[in-house]
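The next part holds the structures, each set out as structure tokens.
Look at the two complexes coming up: subunit A is in both, with subunit B in one and subunit C in the other.
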Partner chain A sequence: MSEAEHEHSHDDDHGHGHHGSPWIQHHYDDARHQFDAGKLGIWFFLVQEVLFFSGLFVMYILYRAHHGEIYEYAHHYLAVKWGAINTGVLIASSLSAAWAVRCAQLNQRKGLILCIVITIVCAFGFLSIKYIEYSHKFHMGELWGKRFDPCATPNETPLLTKMKKCEGHVSSVVWDPNGGPDAIGGPKAGCLEKGDYDRDPKTPGIQAQCTVDEVQYADESRKSEKGRKELEACEMEKEANGEAHAKNAPCYILQINHNVCPAGPGAIEILKNESEERGNEWGVDVECNKAPAPVAAADPFAEAHEPVVLGSKLVAPPHVVTDEEEVEELESRPPPPHTNMFFSIYFAMTGLHGLHVLFGIFVFVWLLIRSIKGHFSEDYFGPVDYSALYWHLVDLIWIFLFPLLYLIH
Partner chain B sequence: MSNAVTATADKPEPNFLEVTRGWKSWATTLDHKRIGIMYLVGILTALMLGGFFALVVRTELFFPGKTIVNQLWYNRAFTLHGAVMVFLVIVPGIPAALGNMILPIQLGAPDVAFPKLNLASFYLWCVGAACMLTSIAMGAIDTGWTFYTPYSLTTTAAVIPAVLGVFILGFSSIFTGLNFLVTVHKFRPQGMGWFQMPLNLWALYSTAVIQVLATPVLAITVLLLFVEHFMHIGIFDPNMGGDPVLFQHFFWFYSHPAVYIMIIPAMGVISELVSTFSRKHIFGYRFIAYSSISLALLSFLVWGHHLFVSGQSKLATMVFSALTFTVAIPSAIKVFNWVATLYKGDIRLETPMLYALSFILLFTIGGLTGLFLGILAIDVHLHDTYFVVAHFHYVMMGSTLVAFLGGLHYWWPKIIGKMYPEKLGQLCAIGVFVGFNLTFLPQFVMGARGMPRRYWDYDPEFTIFHQLSTIGAYILGISMFTQVVYFAISAKRGPKAPQNPWGATTLEWVAPTPPTLYNFPSPPEIPELYDYDDLVEDPEHGGFIRKPSTGPKKGGH
Partner chain C sequence: MATEHHDDAHDHGIAHVATKRTLLTNWAVLTVLTILTVSATKIDMGPSANLGLAMAIAVLKATLVCLFFMHLRYDKLFHSVLLVGGILAGALFVGFTLMDTGQYQETNIWDPNSPPQAPNAPRPIVNQ
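Showing the complex of A and B:
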């Protein structure tokens, strides 16, 4: 295209009136010349658009390469269903936009108007669905950067709440990796009976609640000296109890990570998860020691301290996590540091794309008005063609965004 | 087209300045020449503003310690000098002002491909400039023109309007580039193939390629910075897991090509001037044309040399260092070809030629000192010193602005139809050359001795260099200001310009002076490019006229 010598003659007096369509501007030789120039122009514009978005894609790739765990963790919080529907909506609108060009070329005015209307309706549909997704995320506090606060709604249980700092909420886990190893309180020892953890989790004084991931069931190879003692105690109790526990139920050591309680745990409560499917999941209430360690700036890259052994517990073998439970499993994991970056990137990319859709609506409304006035014909359909090209690019960007953000694990 | 006019047989078509009158006809004009003139006025105003800030900086540095302004205002002054000069003056200078005036006429076209978009670009430039002024009014910015994060995120200065201004100016630049690309592709007349185009068009075309490909990346970068300020999304903020070095990568991915947005059109102007004022066919036409394109492409591969000390990986620095040296090849090709064109030429030292000769010298110094900075070990020593400041001023000011002034003197008679005062012009050209070197040569010495850039205070041992530099800056400032004044006066009272005052061969000199609304009353015959044999001086009207043709031309039509 670029090398094509444009053969146009200067024989006619340019700028002094053209025969044919009234839409040919004065400085073009003929309709063909104007159309070609416009087409080349819109292609350059699209190249510009691609580079405009490329910054965001580079950003996405870079953070993905460096912090893949964020994406792995957070992409579950995007609604794949809505994303897929939106993909369909946009593809349908692209089809109608392409069909509009054909209608214009064939002088089918009614078809042209219909196709443009369908495109506009689809664009509104896309934005409406985006609105549903966004408003849900606003409601849940799954937002960008500093606005990332999944505890925004105390009465609901947002997906990310359980592991995040949520003062005043049901789950209060202070993530502070700087809790010193010396600040260990007296962890409760021995096998814990059911009555010990039958307790209202909202009782004042409970400062930390954890689920199984922070209070680990240490496996054999990781147990410390204290753990070994605990294990022995547990095994003895297992024998003493006899029928009380299943024969094959192993004794696990309960440990607590330092970052749950900065000053070490004061009292420990074990909660049993009431869920039928996951009967082996245990929760632990940890009452932290009063004197908190000085809170330094959180350093997510600091190495984790050795866990503190709390005690031991006879439990059934770990449940194999199925696909259906993957999201549920996430709830029991702390979010990786800077999970907010995922939502920053998500909102930056989809937001800019959404603005392009919005701009596209204005363009197509303008086309609609002009097509109702009957401006377009086989001699003059450039604006329809260019707008459709723009619309295809907007569609194409979404085709990339959808798998990158919603689908890739 | 409401302002379309019809030529009548008996009366010559009025020129574009006279065809309609009143400010409204200018504000709504779609004529590329008028838009170019409006750009020119805006750019010269911004030039004086940026020059004012430069003089504030230089005056402050006349003595160590406080001379006239405190540290905060010093930071603001050098930031505003940089931001205004880069975004408002040098980037749009040659393409938007001179390019708009000249490009369609050199093509023999009636206008650019998208006149409305062209006017929109101009208004975007105005809005962007207004944002910059708003920033100044709100207390100015102190981040340096590069807006490096994280400082630009934490400073209380008015970064938001400035960043918004850069974003809008970016789109002004993109649309101008897009317009020029399509115009060059679709409006070349029959008989003008790619290699019959004047070299100025090659340069403007290469520039437009960079404008369309690089500027969007700047746009998204400053947009993210803008959003960062409003919404704290954290992309560039290390406190939230963002990456401040990513900002530097994005910024220089644009801003390094932007250096070529500044220099390539300057090279195009110089190619025209050197040939015309040597009365000799340009030497190595194809090499100069190809070197413009290759510079445009190479410009995208070297941004990492701004990040040698920013925590880039060693491998990346070595690759970027090696690639940086390749830029020297097309640059040197151009310089050698210009010098070869001068050789045995009939050199005429009129004002534009004085600027062209200045350009060749200053660009050579600027380019060669760039090689110092491309060497990794030396760059660690010279990074963020006055050596860097002197280097890029030799390229951006000593080359681009000097070429802009040369081009302005060259095309002024064609567009305005009036001659500027030649003797005063020559004097000012010498003033610019002397003042410029006096300003920046001492800065090379200072930088090599370790004077860091952007410092408000300095050790007494640097005093003499700073004082020489400041004196040079004033000579430069006076020379520039005088030119703005005499251009303004000559537009009113200058003697009438002949059709071809320099005896140049490109198409704009075939057009009437000043051109008519659609540039040519009738489709022009394309003259043989850079063939000066047929052009003889016209004792009657001044300027040159073409000898009555003896036999058919050799051209390809």
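Showing the complex of A and C:
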């Protein structure tokens, strides 16, 4: 059928000196010679592609080796469902591409056209799913470099940065963990970062274990008589002076646990930032007495019922963190610095892969046109085979990108 | 024409023809492995074990694609040598790059008497 057509249209011009497809070039001995030459060429191209992508894998592995925490945190943002569906789509298209080669080799023109169409449809499906993923990420600010919005909420649990008015907004991705407690409610438990502060880099070790993590409202039941009187006085003053006063000096009593200052707190100062830009934010400065030589840990509840009063502030027993609170704290932790690098790598790798899929569509449309024209036969199916090999390589790269970029746990 | 005759042929003169069974089996195994790798993330075995399993499945899938979809099993050995050579070159890139990157980290402590501050350490707000 198709061969007859070709013999009619081409054979007069070419005169191959051998039987078979008119697409066999003069300078090849036979169809097999031409096929093998093309196949060697496409394999060199594929190896070049492997080397090309390996640069990106170097970037990925290097960054993961040094900043694993970013990848661990990234699981908040991953679209596993779409990634898995896309993997299935690509595997299906690989099947249809391999089947297209079989059809071409066996002179099955209709089957060949069908397989190429299925491959093209799968490629469009893949890119459509990529579009859904990308547009969601654009919408949420889960982007590369400075475009990354650290305040983006990847799941149901709002990030702590939201509560903190998101100080590391958009352009800055380095958070100040001591940026101040929630502006509206005043100092809250757990707002300030724990940590050992190595204050003097020239002296080895931790000089002061001043973990400022337990600043919280005084518990009703644990208020001392003096503290309660102070609070009442404050409330009365607030009532007398109206809301304006309350804004400047809300009535609360700070509790600083004993772990904050092992040697007992020195002075505690409540700071308020009233600049227009930042709104009303609260900070707490705690000054510790000099740390004594390490002693056995004191019973945290030893003075549970009679907090030590320091000036106008209260010192209360430490808050014991429960498992749920710990999980919640972990989940609501803001992204670590440079989380934007994950998205730089994500977009570089999936973007380049997506471009390959797009190029593959052009190649398969070209194949579709040629197969409709009936160019391919059992003697001449090289372009189908080479294109399918390219398509399988695109699938291969995705096979690695999928676990590396979507299945981080 | 010759379709009937060729239907289950393994070699038709120019190149190997994959059988329907090979193609379908390969596709089914690849799909099952994809489901397996997604399900494996729900089991927490520690980050490195999870990553190791995911990569092992990925390597297996890649091998299946190479051997059967890309015909490497029936193809000239030289094409496999080319591909493996490319992958080895990629491994060299990674290896050589990873070898000395630690040298540029600020956390290298040369003098134990003056350890540098950790990068991105919280601003100390507690005064002694």
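The working rule: the second predicted complex is superposed on the first by the 211 of 409 C-alpha atoms of A that agree within 3 Å, B and C clash if a C-alpha of one lies under 4 Å from a C-alpha of the other, contacts with A are read in each partner's own complex, and residues count from 1 in each chain.
We take it that a residue touches a chain if its C-beta (ideal position, glycine included) is under 8 Å from a C-beta of that chain, and two chains touch if they have at least 3 such contacts.
Here the structure is a predicted model, which means the values were calculated and not measured.
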item	value
A:P337 touches, of subunit B and subunit C: first, second, both or neither?	both
Touching partner for A:L355 - first (subunit B), second (subunit C), both, neither	neither
Contacts of A:A31 with subunit B and subunit C, given as first, second, both or neither	second
Which of subunit B and subunit C A:D379 touches, first, second, both or neither	second
Subunit B versus subunit C, judged by how many residues of subunit A each one touches	C
Partner chain in contact with A:W144 - subunit B first, subunit C second, else both or neither	first
Subunit B versus subunit C as contact partner of A:L407, first or second or both or neither	second
Partner chain in contact with A:H392 - subunit B first, subunit C second, else both or neither	second
Which superposed partner A:L51 touches (first subunit B, second subunit C, both, neither)	both
Contacts of A:W99 with subunit B and subunit C, given as first, second, both or neither	second
Doubly contacted residues of subunit A, that is, touched by subunit B and again by subunit C	36, 40, 44, 47-48, 51, 53-55, 58, 62, 337
Subunit A contact footprint on subunit C (complex, rising order)	1-3, 6-7, 12-15, 17-18, 20, 23-24, 26-27, 30-31, 34, 37-38, 41, 44, 47, 50-51, 54-55, 57-58, 61-62, 65-66, 68-70, 75-76, 78-79, 82-83, 85-87, 89-90, 93-94, 97-98, 101, 105, 112-118, 120-128
List of subunit A residues in touch with subunit C within their complex	31-32, 35-36, 39-40, 43-44, 46-48, 50-51, 53-55, 57-58, 61-62, 65-66, 68, 72, 80, 84, 87-88, 91-92, 94-95, 97-99, 101-102, 105-108, 174, 176-178, 193, 195, 197-199, 201-202, 204, 207-208, 210, 212, 260-261, 266, 283-288, 290-291, 337, 378-379, 381, 385, 388-389, 392-393, 395-396, 399-400, 402-403, 407-409
Interfacial residue positions of subunit A with respect to subunit B in the complex	2-3, 5-11, 13-16, 25-27, 33, 36-37, 40-41, 44-45, 47-49, 51-56, 58-59, 62-63, 67, 144-147, 337-338, 340-341, 344-345, 347-348, 352
Touch list for subunit B against partner subunit A, complex	1, 4, 6-7, 108-111, 113-115, 117, 174, 178-179, 181-182, 185-190, 193-194, 212-217, 219-221, 223-224, 227, 231-235, 237, 240-243, 246, 250, 517-518, 522-523
